[in-house]
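The two complexes that follow have subunit A in common; it is paired with subunit B in the first and with subunit C in the second.
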Partner chain A sequence: MLVAILKRTSQAVGSVLAATILVWFILPLAPGDPANRIFIARGINDATEGQLTALREEMGLNLPLLQQFFHWFGSLLHGDLGLSFTTGRPVLQEFLSYLPATLMMLGLALLLSTLAAIILSLVAVYYHDQWPDRLIKLYTGITAAIPTFVFALLALSYVVVGWQVGRVLSEVSWVTALMPAFIIGLDRAGGWIQLLRASLLEEMASGYAFVARSRGASELRILLRHAFPNSLKPLLSAIGLSVGALLGGAPLIEAIFSWPGAGSYLLSALTARDYPVIQAYVLAAALGYVLAAYLVDIAITLLDPRLRGTQT
Partner chain B sequence: MISMLLRRNVALAPSLKSRSARSLLQCLWWHKSGRSGLVLSIIVLLVALVGSVWTPYDPDLASFSTSLKPPSADHLLGTDEMGRDTFSRLLNAAHRSVGAAFLVLASSFGIGLLVGIFSGLVGGNIDSLLMRLVDVVMALPSLILAFAILGILGPGFGNLLVALILSDWAWYARLARSLAIGSASRPDILTARLAGISRARIVVTHLLPSIATKLGVMATLAFGSMISAISGFSFLGLGVQPPNAEWGAMLSQSRLYFDFAPWLLLSPAIAIFLSVLAANLLGHALRDISEMRNQ
Partner chain C sequence: MSDPIIACRNLTIRYPDSSPQIRNISFEVAAGECFALVGRSGSGKTTITKALLGLHHSETLIEGEIRFRGKNLSHLDQTGWKRIRGMEIGYVSQNPWSACDPRRPVFDHLREAWHCRGHRTSPSQIIEALERVGVIDAKDKAFSYPHQWSGGMLQRASIAAATAHLPSLVLADEPTSALDSDLASAVFASIKKRSSAVLLVSHDMELVMQNADRVGVLHEGQLVEIMSPKALNTAPHHSATKIFLDALDVGRSQPVKAVKAPIISLENVSVRYQDAADAILKNVNLSIAPGEIIGILGPSGSGKSSLLKLVTGLCKCVSGSVKKSPALERPGAIMPVFQDPSASLPLSWPVWRVVTEPLTASHLKRSSRKRRREIAKAALSEVGLGDLDIDAKAWELSIGQKQRICISRLQLANPELIVADEPTSALDTISCQKIAGLLTRLAEKGTAILIVSHNETLLKRICDRRFQVDPGTKNVSPI
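Moving on, here comes the complex of A and B:
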């Protein structure tokens, strides 16, 4: 098992390195002269040749590309992501000030949707083909056909604001994060219920469930003690994958809820063409994505007795 | 003798194929959700086609005397804040939203199919080089990669499509490659090779159709997330630019008027819902049918 974990770790490190190289390419691939772009981002449209050369000298833009990469990568390892083109302040510091808001909302959403998915799919399987199951099926079918941002927009406009069940506050706290997290969680849970319901039903029809039934165990006991632990694997993988989708959807979600998080920071950087900020967000998202997939794989290895026992 | 028999079987293949094509439609028609998915998909495609050439009113013509009118006989879905007919804009937007999703999926499907099969068949250094490239692309969640590419190219509809294709193809390539490698030992392909049929012909007549079917099911099921991505980026102003109509862009313009002009917000939302629903129903039916056929 240790070998499997080590193998998976080296794979995760490889993915992060690949993402880092990809992120670096944003800068040299962006159109126009980089020094000129920095001046334009700062609102100076007619920089003189002297100013441009001085800036190139200062930022190492006159060096060969490979050298620039190692220079950039070296400072990245020291936690230096460069200076924002627009504000001139260190990007990492600015990014970290926006990050907690995003993590709060997405973390809560992940937690709420996991809980909802587990409870609702257990209910659906217990009442298989009865009205609670049908109702839950309708709910998953509808959420599968509505993009998260459209669902969020409609829920915000017609339920939260329309019925005055809450208020949109851009002040960041666990309480204000609850409403957007609940709405996103409600939408995301749909797909997981479909997944978990299908694998629970499969487990309930399997041989060991039959044996348990024949020795008189109740359906509820079989469901909770036998089928549920065995069905966690696909749910865990889906949760790991959805971290990437959540991080990718964060700018959109934050725009809808006017939530001042890292996603909104990315959006303002996109319009201002503030490349170091874009790099920071993409890099952080890649880290989060790889880390989530890695943790899920490790958890699956630890949970599965067959994998736990093997020495290889 | 054996090879003659085999050749005859191969020659029979076209007639078998046309029969299976007919029965695919029949299977869809008799599948529980396949029929509604098929009908709804055809309607959505027809609406998109019609909307690209004809709309009741000029979708971009502003007239401030008729702004924010509720639905009526003149304007089926009312008018927006600039007095433009919502129904016409919805129709006109369909070919951008649906057509773009179709284009992106078809391109990623095509690129992925070619790269994956090529990589799987050639093997060796070229294969590992191509797969490293796929690994690099897949190291980032696809939406994040699309954001990064849009950051480089700048906002715009064409750029959005390029960004989505570049971040999407790798998934198809990886699947196609593993299917191509996996099917090297398939009985029908081994038989065809024994019969002395050329490699190119085996690829075109045996490998390509089976892999394309599996990838096609995946692409159909991905339609929803593609529509969601296109309308989402347009909602943020990074995709379709005004005055052009697109469902996501319409949502973003009309969210201010949700209170007293709900038709503005609800009609694009319902349009998105119906087209994604159509693709989901069709995709699930296709997946069921292809799984049944494999058994």
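Moving on, here comes the complex of A and C:
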């Protein structure tokens, strides 16, 4: 057991490290010079070569990449993510101030989509091949075919602008988070319904379901008490995997809804080539992904007595 | 004669737009009687069971009459069926593990028999029900999970759940095929004790002969004869019955005496699970020579499967040594045969691809698709499936054909040692005979075979040496 935990942990640390290293060496390949951007941000459009070199030296950008990385990594171990190129303030502090808004929106989205996926799959399977099932199938087909941002734009133009329901927001609250969360959740739930519906149908056709029927148990009872807990495994894995995707997709949705979260912070950092901020976001996304995978592993183990106990 | 418990008159069962699966059969089961339906797999036994529970597919057409204690069930709706299922007709399935929700303790599995009908029960009532069918240590074991139970005990628990409301008829679909032969009759006796009439569906002729009052032989959806087991054995009339009975005589022409050096030998080997205190196997000595067939017998949970894992190198011993000949080092030298061929085949692959899969193990000499198809054709005719369409998907085949495909596949790996774990227990007697014949032929060509089975007759007929795993000493001794 201890070996398994150690193995799992080293894998987790490994993937976080790999993500940060990869991004560190890929970022400078993108065109655009951070020093130049900083001058533009300060309102100086015609910085001389001398000024640029001086700034690069000041920020350590003239050093070899490897040395820069170790420098950054060294301070990371002390809990220091460096200073933002554009604002000059500590990245960690800035990042943490934007993070709650994003977590709030993504958390709400995760909650909404999980609930929707569970309820709609159960309905679809209970009314298998009848009109509720077909309707739900249509919905999953639509979400699979159309990207999230299209829904977001539609919601923005019709619901927010057209009907004057809600506002395009810069103020953060649970109510205002509902709209972007709903859009993300709507999209996510589609795939999860397909997944959960298929595994529910499989369980409903299994040997123990047949035996339960032979004892006089109702379909609803078999569905809720037996098939549902037995078919959660693929859904849990999908939820775990999607945490990474959600963090990656957050900037787009946040930009559309002008949501002042870490995603918007990342977008402005990307245009400004603000490397420390980008690195911080990648690090956070990798950590979030690894943490989610960890939690899913634990949940799956707890749910299955065959994995929980010893074999006899 | 009193009214029968259940009577089927001119029963025909078909899916829309296809030929009937069950054609015009009539039989009845009287109170106190055990009526057995025997026949090859695919002869329609399970279809009848499902129809008698009202659990056939909703599009299935049922013609004729099913009368249960005088009531006609043919046009009953689902509410009516629900009232009968579990209360008046009980059902015991083939595999006790798949009959239980793996995430719930066995206690819940039993309690459901009451709870799903809105009846209240007390824990002591459930423990009592378990004890009544002979579950030992019911109080301690009830709250453990199905995977922690042995097959025999779990099947008893399933019987306790099926007969919780003392039904007047129990449908038993191969109730003992997952169990060792010494357990089978004891487990079956507990069904008879709890129900006034039993409809036994089985291909275990030993069980049928011992327990049935009358036997009906199903052949391609028709009931070809009904007679007492004795008469069936001495004077079968129908040709299908004769073929079915002949298949029980699984035979080996000439036993090979092993004089060659063993290709694998276990010396004083002990096996233990990682966290367990007790060993599963203790001081086992066993050697297998090329061309030899070795049979391993032993009650469920006695460590037979661990022995196979040890031989294949899937688990390590804690003490002693396993000596393998260098011939076993190459990939494909040790090949397994599993109990459930459906689970060991990629079902959506065409047959030619399944059979020739071992040829793709080496990256250096890949065969062309055309060549593979030719090889598959030849390999299939060797296992008696020469007529089979090599483009057929594995899921279209009968279970017996699937197991022959598995054997044909492993033949192409050219193994030195075949390790077979209950290779025939999912099969009917005719398929069982064919598999036994194939294994014997492989042994005559010099392949060593290690078979674990609870089919004692099979082992007696084809094995050169037989061993038994003693659950007490955890040792393997020759019989």
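Just so it is clear, the second predicted complex is superposed on the first by the 251 of 312 C-alpha atoms of A that agree within 3 Å, B and C clash if a C-alpha of one lies under 4 Å from a C-alpha of the other, contacts with A are read in each partner's own complex, and residues count from 1 in each chain.
Everything that follows uses one rule, which is that contacts are C-beta pairs under 8 Å (C-beta built on N, C-alpha and C of every residue); 3 or more make two chains touch, one makes a residue touch a chain.
This is a predicted model, so every value here is computed, not measured.
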{"item": "Clash or fit, subunit B versus subunit C on superposed subunit A", "value": "clash"}
{"item": "Which of subunit B and subunit C A:214 touches, first, second, both or neither", "value": "second"}
{"item": "Touching partner for A:16 - first (subunit B), second (subunit C), both, neither", "value": "first"}
{"item": "First, second, both or neither for A:230, with subunit B first and subunit C second", "value": "second"}
{"item": "Residues of subunit A touched, compared between subunit B and subunit C (which is higher)", "value": "B"}
{"item": "Which of subunit B and subunit C A:245 touches, first, second, both or neither", "value": "first"}
{"item": "A:51 touches, of subunit B and subunit C: first, second, both or neither?", "value": "neither"}
{"item": "Touched partner set for A:87, first subunit B, second subunit C, both or neither", "value": "neither"}
{"item": "Contacts of A:306 with subunit B and subunit C, given as first, second, both or neither", "value": "second"}
{"item": "Touching partner for A:266 - first (subunit B), second (subunit C), both, neither", "value": "first"}
{"item": "Among 27-35, 189-197, 207-215 or 261-269 on subunit B, the segment whose C-alpha atoms clash with subunit C after superposition", "value": "189-197"}
{"item": "Touching residues on subunit A, where the partner in the complex is subunit C", "value": "206-208, 210-218, 221, 225-226, 229-230, 303-306, 309-312"}
{"item": "Contact footprint of subunit A on subunit B as seen in their complex", "value": "135-137, 139-148, 150-152, 154-155, 224-225, 227-228, 231-232, 235-236, 238, 251, 255, 258-259, 262, 265-266, 269, 272-274, 276-277, 280"}
{"item": "Residues on subunit A engaged by subunit B in the complex (per definition of touch)", "value": "14-16, 18-19, 21-23, 26, 29-31, 141-142, 144-150, 153-154, 157-158, 161-162, 244-245, 247-249, 251-252, 255, 266-267, 269-271, 273, 275, 278, 281-282, 285-286, 289-290"}
{"item": "Subunit A partner contacts - residues on subunit C that touch it in the complex", "value": "53, 55, 82-83, 85-87, 90-91, 93, 95, 98-105, 112-113, 116-117, 145, 147-148, 158, 161-162, 273, 275-276"}
